[in-house]
Amino acid sequence: MADYTENELAKDLENKEYEYGFTTNIESEKIPNGLNEDIIRLISSKKNEPDWLLEFRLKSFKMWEQMEEPDWAHVKYQKPDFQGISYYAAPKKQKYESWDDVDPEMKETMSKLGISLEEQKRLTGVAVDFVMDSVSVATSFKEKLSELGIIFCSFSEAVQEHPDLVKKYLGTVVPQSDNFYAALNSAVFSDGSFCYIPKGVKCPMELSTYFRINEAGTGQFERTLLIADENAYVSYLEGCTAPQRDENQLHAAVVELISLDGAEIKYSTVQNWFPGDKEGKGGVFNFVTKRGICHKGAKISWTQVETGSAVTWKYPSCILKGDDSVGEFYSVAVTNNHQMADTGTKMIHLGKNTKSTIISKGISAGKSQNSYRGLVKIDRKADNARNFTQCDSLLMTDRCGAHTFPYIECENPTAQLEHEATTSKIGEDQIFYCLQRGIDEEKAIGLIVNGYCKDVLNKLPMEFAVEAQKLLTISLEGSVG
Amino acid sequence: MLKIQNLHAEIDGKEILKGLNLEVKAGEVHAIMGPNGAGKSTLASVLAGKEDYEITEGSVEFEGKDLLDMETDERAKEGLFLAFQYPVEIPGVSNINFLRTAINEKREYLGQEPISAKDFMAMVRERSKLVELDSKLANRSVNVGFSGGEKKRNEIFQMAMLEPKLSVLDETDSGLDIDALRIVAKGVNALKKEDTASIVITHYQRLLDYIVPDFVHVLYDGKIVKSGPKELALELEEKGYDWIKEEVVNH
Amino acid sequence: MSVAEFVKNLKPNNSEFGLKSKALLEGKDFPTTKDEYWKYTRLRKLTKNEFYQKDGSISTDLNSIWKEDIPNRLVVVNGIYSPELSKHNLNITSGIESIAKEIPGKDEINSGDDQIFSLIGKAYALDGLKIDLNNTKEWDQLQIIFVNTQNGAIANSLIRIKATKNANARVLCNYVSEGAGVGFTNSYFNLETEANANLELINLQAENPNCFHVQSVNGVQARDSKISVWNFSSGADLIRNNVNIRQDGKGCDTHVNGLYYGEEKQHVDNHVFIDHASEDCESNELFKGVMNGQATGVFNGRVIVRKDSQRINAFQQNSNILLSDKATINSKPELEIYADDVKCSHGSVTGQLDENALFYLKARGISEDRARKMLVSSFLEEVVETLATEELKNYVVRQMAQKIDLLDHE
């Protein structure tokens, strides 16, 4: 049976097709490959941007030119040719007045992704923003939200309609100079989502954005800016898919969350970019900077289920600036075949009585490499800070790797920090126990792995939890050993 | 129901079972006793199909089929149940989910429809009472945070849910206090039917005060060296295993 | 800062390995905090000083240091073996040439770190000790006292210890210093255990506060052997310990434990690297620290399980207590696993003395000072308890208590 687990099951998974690997044949507009000031001006002018934003882009570009692509992560890949990428691709018809205007091909794409807006409108009450190849295509539920003063729209629209808010917060959590990819994104981002929840408003529905890379030879550089004003609450979901292509595609996004006094943001991601084929060819390079700042008594909770991408480099983080603020990070990262993931979080405790929790579950299969990298930093002034970290790794085959790189930096004697990590093989005794109860090996493994990730999956909103569990099972069907 | 003939099994090149014979018929309860290291738990593992053991000789027939030819889960679906000496913990997987999966797998194997949620829950309520298992435990992760007694009761509860033809109880009494032992035995007795059978593996006679066997076998050095009626267990309790050893040596 | 500048007053030993090491240092700078293995340790306070190779007589009262029941005693002054002060009946030879065959020019273990200090030691040490321990009947016991006479002295010492097949050996090393001015102890150990050997190395680092201490222990294990290393660190302004062990044979067992205490502006940095290069092995790390004043403690434990090194159990634990609001702890327990049949775990806990326990003790009439001592001692006791014998435990606590006020040795 152990043989079945390690070989046949692994084979089964290798052969598992990427479900979202279709392309959509819609007319699109793509600017020439390459990156220089002119291209940036072109992007900016296409979007009819104000001067300050063009300046922001150009300044970022200058910074980026001075920076080097980081190589400290535990991943190996052919560095992208940044001049070989088109930095702007958009479905030709950009603005839809109503749902009926949306290109039928596009609607088809969305329903293939299981996110039919029509259906969602009727049934689930989730407001969706759909971003395809960097451009926001459709946002539903806008009117209903606006009654509460909630702004939920594409980033481009926000720049036109709410420039003051964008200007006030853009780049305040992730500065342009933060890192190589953040600088690149700040220079070339084409669209993304914008959300503002006014003071005291609890957003009554889940807000959701689906990102999709469709066009070949493009990169996706979306920008998300989410502001929860004092005592506001929002739960935000993000899903990602891309067509199956032989070449590597670059996705370098920036997400900034601002949780003002007493506010709470719950940000959930199910990342299922194309992981490449079983030989490790193709797949998305997912180099993402996600960070939130918590003011007094505020809370940010990141939950991620990462199953896709050829290479992932991603550390959703919390700056716990305000006293009594709370940061959470719940993560499941699955790697299979030749995937490489270096992911984790940073919890920066600056305020007093700040609390953070990190639960990370890594699952490595095939020949993949899966690393947790996390920083817990307690500043000198952060009295009574608390952190609990649990990071567990599960190994499915003898050809994969599971690595843990925690950084714990403490400058305050009143802190209580606990870090625990384990790495082990999936329990043979557990599998045997299931088998003896008549549950076959593949189901047993699915059961055990889902149980192993339960603490994280439980944190997802219902709409996503089911999808995530399915995704996990698909990603691991047979992968396991 | 079960026919074991000249069974030899080894682990890491060391022979543990050295020509074991045993026949169990429907409606019977067989007790297997023996000193530590005699091969009692090996027999349970071999019947369930644990990979670590290699069968070098002999045959096992279960309901007319070659048991050794089946995968572990197939044996279970055919109606073989092993109550583990050390039940395994599976974090994050609720008892309910675990059992429903197991039951539906078996039903699918037998060409039956999945059990309805309503019937399933009714069955859980009814059968958990049998072993006085707190219904809250049914919602907890499989065996996680259970006391020793609760784990053993959970084994019998699963047995009640899965309705096996043949149950193998591997030292189910070890580590139990007298109250837990009574509850476990009560559950086992309640499940006894004309068309089912049990093999009770134990080191101590006291379990057999509660689960009365039709036959008692003494396993020593990989073989059954003595069989008799239930009184044999009392004799063993009184005289220990040494006289058996002597008897074997003198033969 | 360049290494060339730092060694400008030093005379190389011109041995084959020395020259190789010297060549590797060519054009090198000291690592900075941008270097992953030196992320939390600034070398400036060490490298800004000038150091010289010195010999000299010593005034340290060695009798207060010798552990009475150890028959074999060696003294090394500023890196040079002192036969007059030593006595032993073991197979020991001295001089650079004695270790010429055993010491490689570059690092025997690829820990990822450049190990610039072991290269400096190899290039500029003027003496060496070769110690072969082969007692298969009982424990060979050896104590070495390393004295640094300060006044700008650099003590580069090179020690090669081999425990031969089935041998049992315990080596106790005391580091002390005397005099005024700065002193730098740069000590390099090359350990080898043959099959089924058992080697213990216990380091007591207790130099004066104006001293710097770097110790590099590189060990390679053959099958079924056991290496245990303890670092007890008090004293010295800056301490950096590298313990790098590679398990080359099946069935190896490795223990690396440490206890560290820092006050004022002391900086104590323990880096441990365990390379599980073979199957069926175990490793265990336990490091506990107490930081007071403006001191900084660093722990970096890196465990790597190579592909095909199946059935490995590896465990790391680092616990720290911060006693002052100016003290800092940086803890980085890393696991890199490339095999699947493993059980690896690590834990890191940082906190303070238990206020409730403190209150409880005071309520029973115990003074605050005394109560704090009791709690610190009980926190650190776990590390002391890993030592083999009661005499050794008592000896270590007695010696440590001379440097650490907070240690209770009643």
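Descriptive notes on the structure:
A, B and C label the chains in the order they appear, each numbered from 1.
Definition applied: a contact is a pair of C-beta atoms (placed from the backbone, for glycine too) under 8 Å apart; a residue touches a chain by one contact, two chains touch by 3 or more.
Since we're looking at a predicted model, the values are computed, not measured.
Comparing each chain's Cα centroid with the centroid of every protein Cα atom identifies chain A as the most central. With chains reduced to the mean position of their C-alpha atoms, the one farthest from chain C is B.
Work out the mean CA point of chain A and of chain C, and you get 43 Å between them.
Remark: chain B and chain C have CA centroids separated by 54 Å (rounded to whole angstrom).
One finds 48 Å separating the Cα centroids of chain A and chain B. On the chain B side of its complex with chain A, the touching residues are 48-51, 71-73, 75-77, 81-82, 84, 87-93, 97-99, 101-102, 105-106, 109, 141-142, 158, 162. For chain A in complex with chain B, the touching residues are 1-2, 427, 429-430, 432-441, 443, 447-448, 450-455.
Put simply, chain A touches chain C in their complex at residues 72, 74, 380, 393, 395-425, 481. Here chain C touches chain A in the complex through residues 36, 40, 307-308, 310, 320, 322-352, going by the rule given at the top.
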